[in-house]
Amino acid sequence: MQQKLVIGIVGAGRIGRLHAENLVRNPRVAVKTVSDLYLDAVRDWAGNYGFRLTQDYKEILRDPEIQAVFICSSTDTHIPIITEAAQAGKHIFCEKPISFDLEKTAQTHELVRRAGVKFQVGFNRRFDFNFARVRELVEQGRIGDPHIVRITSRDPAPPSYDYVKVSGGLFMDMAIHDFDMARFLSGSEVEEVFAQGAVLVDPVIGELGDIDTAVTTLRFKNGAIGVIDNSRKAVYGYDQRVEVFGSKGGVTVQNDFPNSAEISTEDGVYRDKPKYFFLDRYREAYVKETEAFVSAVLDGRDVPVSYYDGLQAERIAHAAKRSLQEKRPVRLDEIG
Amino acid sequence: MQQKLVIGIVGAGRIGRLHAENLVRNPRVAVKTVSDLYLDAVRDWAGNYGFRLTQDYKEILRDPEIQAVFICSSTDTHIPIITEAAQAGKHIFCEKPISFDLEKTAQTHELVRRAGVKFQVGFNRRFDFNFARVRELVEQGRIGDPHIVRITSRDPAPPSYDYVKVSGGLFMDMAIHDFDMARFLSGSEVEEVFAQGAVLVDPVIGELGDIDTAVTTLRFKNGAIGVIDNSRKAVYGYDQRVEVFGSKGGVTVQNDFPNSAEISTEDGVYRDKPKYFFLDRYREAYVKETEAFVSAVLDGRDVPVSYYDGLQAERIAHAAKRSLQEKRPVRLDEIG
Amino acid sequence: MQQKLVIGIVGAGRIGRLHAENLVRNPRVAVKTVSDLYLDAVRDWAGNYGFRLTQDYKEILRDPEIQAVFICSSTDTHIPIITEAAQAGKHIFCEKPISFDLEKTAQTHELVRRAGVKFQVGFNRRFDFNFARVRELVEQGRIGDPHIVRITSRDPAPPSYDYVKVSGGLFMDMAIHDFDMARFLSGSEVEEVFAQGAVLVDPVIGELGDIDTAVTTLRFKNGAIGVIDNSRKAVYGYDQRVEVFGSKGGVTVQNDFPNSAEISTEDGVYRDKPKYFFLDRYREAYVKETEAFVSAVLDGRDVPVSYYDGLQAERIAHAAKRSLQEKRPVRLDEIG
Amino acid sequence: MQQKLVIGIVGAGRIGRLHAENLVRNPRVAVKTVSDLYLDAVRDWAGNYGFRLTQDYKEILRDPEIQAVFICSSTDTHIPIITEAAQAGKHIFCEKPISFDLEKTAQTHELVRRAGVKFQVGFNRRFDFNFARVRELVEQGRIGDPHIVRITSRDPAPPSYDYVKVSGGLFMDMAIHDFDMARFLSGSEVEEVFAQGAVLVDPVIGELGDIDTAVTTLRFKNGAIGVIDNSRKAVYGYDQRVEVFGSKGGVTVQNDFPNSAEISTEDGVYRDKPKYFFLDRYREAYVKETEAFVSAVLDGRDVPVSYYDGLQAERIAHAAKRSLQEKRPVRLDEIG
């Protein structure tokens, strides 16, 4: 009988629940314990799965049977939990961003490395069927050397004001996925960042000190230029497209639609709008990222998204933030 | 605690296994027993699921705890198993076609009706996200009265010669899905069939008494005209498209692709070919059809694909076969 | 100075005017005379071009300077004018169909051949950028041997009742283009025809003895099967698509749109409907067919659409008509 | 008889010839005289048209019959010719850019205004069927307030080194079209520019002091953000796409293709690459821009692309150049 990976989940909000439900379907996994401060909400959906429930995540870390931990609690709790988990010898899957404090993120990197545990960051989009195919084509040299990387990343609706306040801002909360995508697709590190930002969707977001619209340009080490456009509100749904253009050609991917029905009438040609919600759009990608983590641990492979990847994305987010504040391009080596 | 539907599966080849694996993920289902003549092959994949395995399907029918049975054995065994299952009061999910013998199919209909059990036929394509959306749009009147229904249905590669021999022929084995689709999309019964057939893919298929290419036209009760084109071999993959054209417009759906990556180079614009295999193309549809059956039984709803639907599709297949042989349009009321 | 082809145009209705306006822009052409029974209507648009205008087409045929004649008058006048023009040694471009009377069409073929003049039939669609590309790809063997040819051909709105009465019926007036397209795309002759027809758009069309909706299947000499669907009314515009499917793959072409703008809103994704009118859709094709005719005469090349092509399309139209009447497949060798 | 606009053309290279050939097909126009320093090359194509040919453009300006002049000579000659033409009371159509010297462009603006002649700049892309439709949709409010304007503009191949030397650089020569497009699509003025540039296509272009790849971000007066990506070499052809994203949705347009044929084979799905050359891509747009100019003069309408539009695009190009040099965002009011 095959060995199963015994997992504990810290934080069982929307994303913790998603991982739990994906993990229980993985025949190589046993989810043993789930911790959350608000157990009532968890009981509603977790009842049938037979998890142990606790309010104290330390129970998970103390449990010698548990080999790996998914950290899905709020960002401010990541660093202490990572630290304790690494010290307890648990393999770690951690949601993005690792933290808002770049220095702490960097210090903890060292600790994780010394602990010798696997550490994977939750950049789920790398596992998307479209983006993974683009990366593959770029790697195969199908478009030659990358010259321009274009990423469109727009949410269907802004988060609540309460969330905006603690989100770390558009760059750290939302664009961080795109910063990782830029590194992933180009296969190159970012050297310099210039960010344009605006409050066009909702003035309250501005009053809370954040922006809701941004265009960020990146200069890569290999000379290529990247550009990311973000909006907190695309009324037609979740807008997630990329393009890599290079010396031998270009590759684009489009949004994902619930169906391909095209209706032609007197009024024009109509089709349904793209998948609206990230849980819908990236459903398979979330499954694949947990499978990859489980395989990394059980089969002794490298994780596909490393601590360093998490660190670099944060660094770019900080550079973007400073660029916006200081209205100038910011080199990554100015940061951290 | 919610009641679970206890299910037995008769026949655990490719399609039986597929249903089993989908059913175990359904929290409302308990798959208790699986029967197959060749248990060694079944053990390979069924080991972890904890099913009872038997070579004798009658064990399933005798088990009072089992409420429903999935009949996934070879077509020639369907009628006796349906008969016994209905007499044992089991709800029935049966793969298509119900049988090759229209008279027996019709007689057994009566028996199933009297037994008062639920009976669903495995026309999985009705649950496809594309075709279901077309049906919905037609039902909503978005394209007005249907005038022309066009179905393209081509397999990526012909089946083995051994399978061709026992398949019942292209119309009964393959086009039967399309005959059901024609009724489903148009919302109307078929009155008359004219079939053109040819052996263009592989002469051996012709020597075995079958065809590999066909264009079948249908005349519907509501006056609309349907046309189905079939091929046993579309080298680029599984080709499954439909169009309904009506008084207020038309709706089309395209094939399903593994990704939307479009690569532009000096040589042209390229994208990956459509999903190649029916298990891949209709993965979700298979899940949904079993969910619909489970819900029909547990929640006391009508099955979405009835015995009558199975019967009518067979009738059209017989009419197509006769039309091909007699080189003339055949009215459905000439059949059975 | 390059020699110019001096041309006379017989019949200056919509299509005669179109050819006249395309021809005057061709630097290798001099349009000398235009004849029409109703000169007032012609004067409105022809005034500036400096044509000689006459009510008597015989003036054109008698003029020794005129080398070629475009016959754009009503179908019933074609045969006598072709006859006289051929006898006068004029090269002939004739609109489709050559005539409604297959026997006369066949007899006149002989006469034209003996006269040794060039004769081109106005099957403009062969010059369409999409269909010409499909033909080219088929000829290059890119899709292997053709197995299935699918043609969709739907008008945006039915013609006037007056026109329906004299049109020769849907097969002779409208589908004749598609019959020619089927031969063009497949590179094979048609052997057998089966037609389904219906009156679904407008009952008056039925009262006038015609149909408005049809699905016609063709069996080609090379074994391939063709299917054409026609409607007199596609509310979303002129619907002209083809597909050729073969042993090595398939090729499709879509409708032509006025622009590629795609608007995504809360309500879905919208684009403008296809080009609505055949003069718009085939504008370039009309130019190219006259260029090809002029080049055939001046450069001593073969015409790209021969008298024989016109004859065969008529023959298929007659077979389709008989198939509809007699409710059976009709072999082409039963006709004419 | 309708009055014709008598036109002289100064400079009969590629673009002068194009305008000449479009103008002769316009029934409201008489092209009287064409001037060029190298008359031999002009004679090759202009022979049949019956133009007067001269090496001295002043002949055109002195001719009292000529009402309007097309200035298609090299950029460095524009300002003196505009000046003389305006003083001679000729209406002016001038190719882009008006000049490389912003101060002179601004001064001449005053002179043209005082002369009271019509002046149109050759931003042909405003007349493209795709971009014009986007502008129309934005104007109608279909996407609400614009938030993000995205322009992709890539040439199929770099110009000759000789041309690069005198081109004024990528921003002035190539991106100037996109700067105008940004203003046109957004309906707003640009306030600030930040340019990233790189030499990725050909190092010689760098040695000549130019770049071949650029990403430029724009900040508009209305708060929106624009981003333009340029490359001198898209191996797959002329890449010209735009997107406007706003509060109520987004609109995109794709490249223009020579046909819509899609070939599916074992190796994937293939289509021909986009139209390769700007003369092909914008053929109709060039016709329409001259029609608009002719109508502006003859019908007393405003020109659709004014001197001010030309001036503003130049100003943005200068700002982009300075931004690249000084590695910082540059406000438009710092320029000129």
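A few remarks follow.
The first chain written gets the first letter, and so on, giving A, B, C and D; residue counts start at 1 in each chain.
In this text, a contact is a pair of C-beta atoms (placed from the backbone, for glycine too) under 8 Å apart; a residue touches a chain by one contact, two chains touch by 3 or more.
Since the model is a prediction, treat every value here as computed from it, not as a measurement.
Of the two chain pairs examined here, B-C and A-B, it is B-C that is joined by more C-beta pairs in contact.
Across the assembly, the mean Cα position most removed from that of chain A is the one of C. Averaged Cα coordinates give chain A a centre that lies 58 Å from the centre of chain C. Chain geometry summary: the mean Cα position of chain B and that of chain C are 42 Å apart. In whole angstrom, the spacing between the mean C-alpha positions of chain A and chain B is 40.
Residues of chain C found to touch two or more other chains are 234-236, 248-250, 264-266, 272.
Those residues of chain C that touch chain B in the complex are listed here as 145, 147-148, 150, 152, 154, 194, 196, 198, 200-201, 213-215, 217, 219, 223-227, 229, 231, 233-236, 239, 245, 247-250, 327-329.
Only residues 25, 27, 48, 129-130, 133-134, 137, 142-143, 248-256, 258-266, 272 of chain D touch chain C when the two sit together in their complex. The touching residues of chain A, counted against chain C in their complex, run 234-237, 264-274.
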